[in-house]
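In the two complexes below, chain A is the common chain; its partner is chain B in one and chain C in the other.
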Partner chain A sequence: MVCLDQRRCVVHKLSTKKAFIAYFAFGWLLLIVADRVDELRVYQGATIAVTTLAIASIILLTGYSGQVSLGQGAFLAVGAYAAALSQTYWQSPFWFTLLIAILVSAAFGFILAFAAGRMSGPYLAGTTLALAVGLPTLANQFSFLGGETGLVYDAGLPPERFGEEFTLYKWFFWIAAFVALIAMFLLRNLLNSRFGRTWKALRANSTAASLCGVNVAQSKITAFTISAGLAGLAGALLGMISIVAPSAFPLSLSFTIITGAILAGVTSLLGSMLGAVILVVIPEIADVIAHQFGDSEKITTNLPGFIVSVLLILTVLFSPNGPAEAMRKRKEQHAKH
Partner chain B sequence: MISLRRKKSILAAVAVTSFALIASAVPANAEVGVSSTEIKLGTTVPMTGIAAPGYNKVAPAMKAYFDYINDNGGVYGRKINLIIKDDRYIPQEAINKTNELILKDKVFALVGQLGTANHLAVTSKVRIASRNIPSLFLNTGYSGFADVKKFKTSFMHFPTYVAEAKILSSYIKENFTGKKTCLLVQNDEFGADASKGFAAAGLTFDETVKYVSGTQSATTAQTWITRFAGAKCEVVVLFSVSSATAAALGVASAAGYKPQWILGSVGADSTTLRIALNNPQAQALLNGAIGVSFMPDALDTTDEYISLFREVNTKYSPGVAFDTNVLVGMNAAMLTVQALRAAGKNPTRRSLIAAMESKGSTFASAAYGNLAVSKTSRAGFTGYWFGKFNLAGALIPLDAGRTMYTTDSGTGPVTKASAKRAPLPAKGIPTNS
Partner chain C sequence: MRQLIGTLLIGLTLGSIYSLMALALVLVWRSTRVVNFAQAGQAIVTTYIAYEIVTRTGVFWLAVLFAVVAGALLGAGVEYFLMRTLFRHVDEGPVAALAPVIATLGLLGVIKSLVGMIWGNDFRSFYPPVSTDNFVLFGETIPFSRFNVLVILSTTVVMIIFSFIFQRTDLGLSLRAAAFQPEIARLAGIRVGPIRTIGWVFAGVAGAIAGVLITPNDVLSPASLDVLLVFGFVAAVIGGLESLPGAVLGGVVLGIGVSFVLNYVGTTLIFPTVFVVLLLALIFKPNGLLGSKKVRSA
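Coming up: the complex of A and B.
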């Protein structure tokens, strides 16, 4: 932060070089921590990494370009199935399947954005919602998609040189965290570039942006495409940890991702990790509470959803842009004084 | 430039977070899930959701029997603690809940997991085989689970669906030659297994309806019955889960459609019918239907195993009606106790698997015949007897001698033999080693 005088202070973002160092250092920290914690935490860490990516796709789409999608789960499904199909039928190497997942879901997003280009607000939200409802069930209609059982999608076993103690879930965590860090770094740079500034202008006032020479339709389509690609990557990683089957991509997944984005702040990329942590921690909290009530399975099943709903309401009422954004504004106000 | 104060805050946050995470690290345990006082087991079943009617009684029934054993000394002094998780019959949930059981609850073994698609998802993603985690007495007859190479640590309970379909085919060919025969199956591995069995037996159907798991309801059943009635099916095989069987029978009854029903073992339970159709007299819909079972009928109080299990149910699950689902749960639990005993006084996951392989075929059970488990097979029981349901929903053997039809999951023939099984252990408490 640089203070020009007693009244004007500007918070500078980290330069790209410094951001790279920060992400690199954070990655190393994650590796060290993964080596020290038990398998449950590592598994949760992998889930957090995947959820962070999924939430980041919403932050780009909604927080930056102002487009609402209630069906991000559909893009996760497209990415996961694309990755699984390329592995099953083309025997593609795992890392290549991730690229396939990004490209296919981005292409899907591009087509959808083009088709729904004139829609916005609740109409676009409704279209994406319909997609989230209908798309996963297509797997039951075509046998090559594996039906209810789904498709096998495998990251393979950890390299033997890591030793027997290196568990499969640690391997998943390494992959998910590595991919998520790279994707988030690239996304950060993108959002700090002219693309990000253009999307912010769109979100603020698309008419004004248009008058300033911004091609509104093209910018929206670009945002939608990149967001879909990112979601597809998250979907492939989710398929790696979980399964590639309709049951892995229910409608509730889309709502969970949006909830995570809102809880953390739809305009805050850093907040996407906070949102992911909250979503993973809530079932743990629900378990502790359920334990107080005799480990009732009904409480354990329903309480996480209840807690998330309450948090969502509180966030919208008291911190609509999320806690990360609220902290940033408090810092700016503090800097001014 | 980051201020010094901010740097200190960041470093403090990182230090605290790292310390907390490191402190939560759990040292390796000698054998997971076994202590001097307790053996922790876990199961994932549909306690809620569309497949819950009936199946949500299986795991509590297991727990009831384990409680009975615990009150009678446990297994070598250790109490069995069964942790039940609800997977709502959704494969994704089965993975999540199994991971919770293994990673969080740290169970010794899994037991009685229910559902073909669910267990396929669990074995594929949770990789219990490579992690040497036993999953005993699966509540599914998917024939693939008998393959020891692919499912090294999974052990079946039921005869396979392929074998069951072959046995049903044999009966249909003997008794309903020339009649239009139709089939209802689930559109997943469960249904595919059955179809494989019917094909192996050379039985073809005039109309086959495949329903998507989770979509069964009175509305969808309407389309099934319309198709069967339209094809003038005289014999209809319902190889479906309880809720789908109930929906089909309910809709058919309302429409006045009365073919000869032949019910697969998975879906034929009178209590489930009553719950699913919300009709206390719904078991009457089973009247006249042909069914199969590998155990005595749950309503047969003259049977020593049924009598014992009913007593246990009355004491440890008061208010719960004893039916096929409770019988399946208790039988699996009795087999589990014998497996734990055979694993030795200091059981490990490896010794449990070895015990199943070497001694599993000798375990006493309400089921007729023996488990076909060995070093080279993970198969469960292998035979069925035929009966006809009466108005009370009881399955009455077609012949007094209770002829067992036995076959494999391949192309082997269906053979007949009289029903045999080991006598009930004293007071229903296994003492094997």
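Coming up: the complex of A and C.
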């Protein structure tokens, strides 16, 4: 393997074939574990798979191309509604609804990026925030979007040959984990390709990149579009395991995804899984703490959001590039001495 | 004709509140180069304080006074404790440019959940100091009340005070100089740090007044000012994000636009309209109606 970036060579990179084997083995391991644990854990496993995808979309966008989206939840919503609508009105098969989710939200992302993607941070941040605040309100305005109750969207029952004991949540987990692993593998290859290098160059110094012949605006729009498509896929899967309704895509969802990405270290794709695990664990911890305060409703509903926001601020203040980047830096300094 | 005048008047009322929020965002942007998403959070705290005072004493003016003071203190506190720490710690790496935006977003989350823990997430409301009944003119009702007059009058007064401070006082001159060229301002003997804090104080005051003025016609909940934040941001972008008169103009333009959609199309299309206006402004007038000629970096 040719190493273009000397600094990065500290981290050993697997070849595509070896990475495929690693992903495959990990997937197999997940299936075995899913067979041994109870329903709640399986459901949480499915949530982790979905959240990993959502976080990966931010890592691609922020960690690689240096853009920010405060409204990733809006793209999740677009994906979920597109998938649900295609199932309701066209009776599409499930795999096709996932494809629709990717395409529609990518198209949506492209339009947005075309207008705002060329702008600097605050403009894009504000525009995406506006999207996340306003988009869920649309569901109440148009009857075909199903209002507060939302739309019906499901992956169907598990095939009968898996037996009676094969539960619905386990089926959801299989689908979510399978789709997430494939998407992550493709994304990994994309980030290691010419595109990934271009985005990294952009993030490091966009002027220098454009002098080297990188089309800055075009690359940023491409990154935004792919990120939106990925978020749309995550949204469809989220709709599958929960519901497709405005309440599933609140503004706090966007905050949560960003927090996961920042906690994971925005430059590391594998970190997205760590971020997702943390995000799924936080509500459990919050439950325990809220119990200490006598389970008052005010505390129970607001504590998870509080913990997530505090973690976000603390990480940005003290370890802005995430634990992975901080460790890499320490390693480098170690190597120098 | 009657409907047209009514639409314009309502647009003016809405627009003046959006202008205040836009002013708050522009003031912070000019002083620190940060779009302060926590502005909605700061305003929600001051609005809840005003709510407590109105429900306990019934004196609206006292509530406004407390909200304004709280807004000023909160603005100063956020700048002093969060922003200064942030700029000390974060100087390099992929997140450095985005860190301030993400930090204000985190602060918005912290404030909203804290407010939820203290006051709960249920909707509250408080009564305006003057009647919201529509005026009757020549036997016809026009959708314009004493409260609307009060909103427009008080925002106008705030704007006059602000423009007096910015154009006619030494403090205003330092504020403008520190925003325009911090390095040169520092060489000219302006203490840029404290001046920045003062910018945040003015922003806090403007945001607090916006929150108190919009709530009597709306409900109060931890998330109720999110929409105002978005509309304020759009107004600020229309005006160019740099210019104070631009923010006011952007607010009024947006307010009248929203009011037209409300009266002639219906509530369904308010949000899509605002969003399309934002995108159009970004595509065709990226420097804003009154923005400087300096081209934004990509």
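Note that the second predicted complex is superposed on the first by the 305 of 337 C-alpha atoms of A that agree within 3 Å, B and C clash if a C-alpha of one lies under 4 Å from a C-alpha of the other, contacts with A are read in each partner's own complex, and residues count from 1 in each chain.
The rule is short, and it goes like this: a residue touches a chain if its C-beta (ideal position, glycine included) is under 8 Å from a C-beta of that chain, and two chains touch if they have at least 3 such contacts.
Source: prediction; values computed, not measured.
Of the two partner chains placed by superposition, only chain C is touched by A:Val266; chain B is not.
In the overlay built on the shared chain, the residue A:Arg41 is in contact with chain B alone; chain C does not reach it.
Legend: residue contacts after superposition of the two complexes on their common chain; A:Leu103 is shown touching neither chain B nor chain C.
Contacts of A:Ala19 after superposition on the shared chain: neither chain B nor chain C is touched.
After overlaying the two complexes on the shared chain, residue contacts for A:Val281 are found with neither chain B nor chain C. Of the two partner chains placed around the shared chain by superposition, neither chain B nor chain C is touched by A:Leu190. Ranking chain B and chain C by residues of chain A touched puts C first.
In the superposition on chain A, the residues of chain A contacted by chain B and by chain C overlap at 297-298, 301. Those residues of chain A that touch chain B in the shared complex are 1-2, 12, 29, 32-33, 36-41, 43, 140, 147-150, 152, 157, 168-169, 241-243, 245, 247-248, 250, 287, 297-298, 300-301. The part of chain A that touches chain C in the complex is made up of residues 62-63, 66, 68, 70, 112, 115-116, 118-123, 125-127, 129-131, 133-135, 137-138, 141-142, 203, 206, 216-217, 220, 251-252, 255, 258-259, 262, 266-267, 297-299, 301-303, 305-306, 308-310, 312-313, 316-318, 320-321, 325.
Residues 1-3, 14, 18, 21-22, 24-26, 47-48, 84-86, 90-93, 95-96, 99, 103-104, 117, 120-121, 124-125, 127, 130-131, 187-189, 212-214 of chain B are the ones touching chain A in the complex. Against chain A, in their complex, chain C makes its touches with residues 29, 34-35, 37, 82, 85-86, 89-90, 93-99, 101-103, 105-110, 112-114, 116-121, 223, 226-227, 229-230, 233-234, 237, 241, 267-269, 271-272, 274-275, 278-279, 282-283, 286, 296-298.
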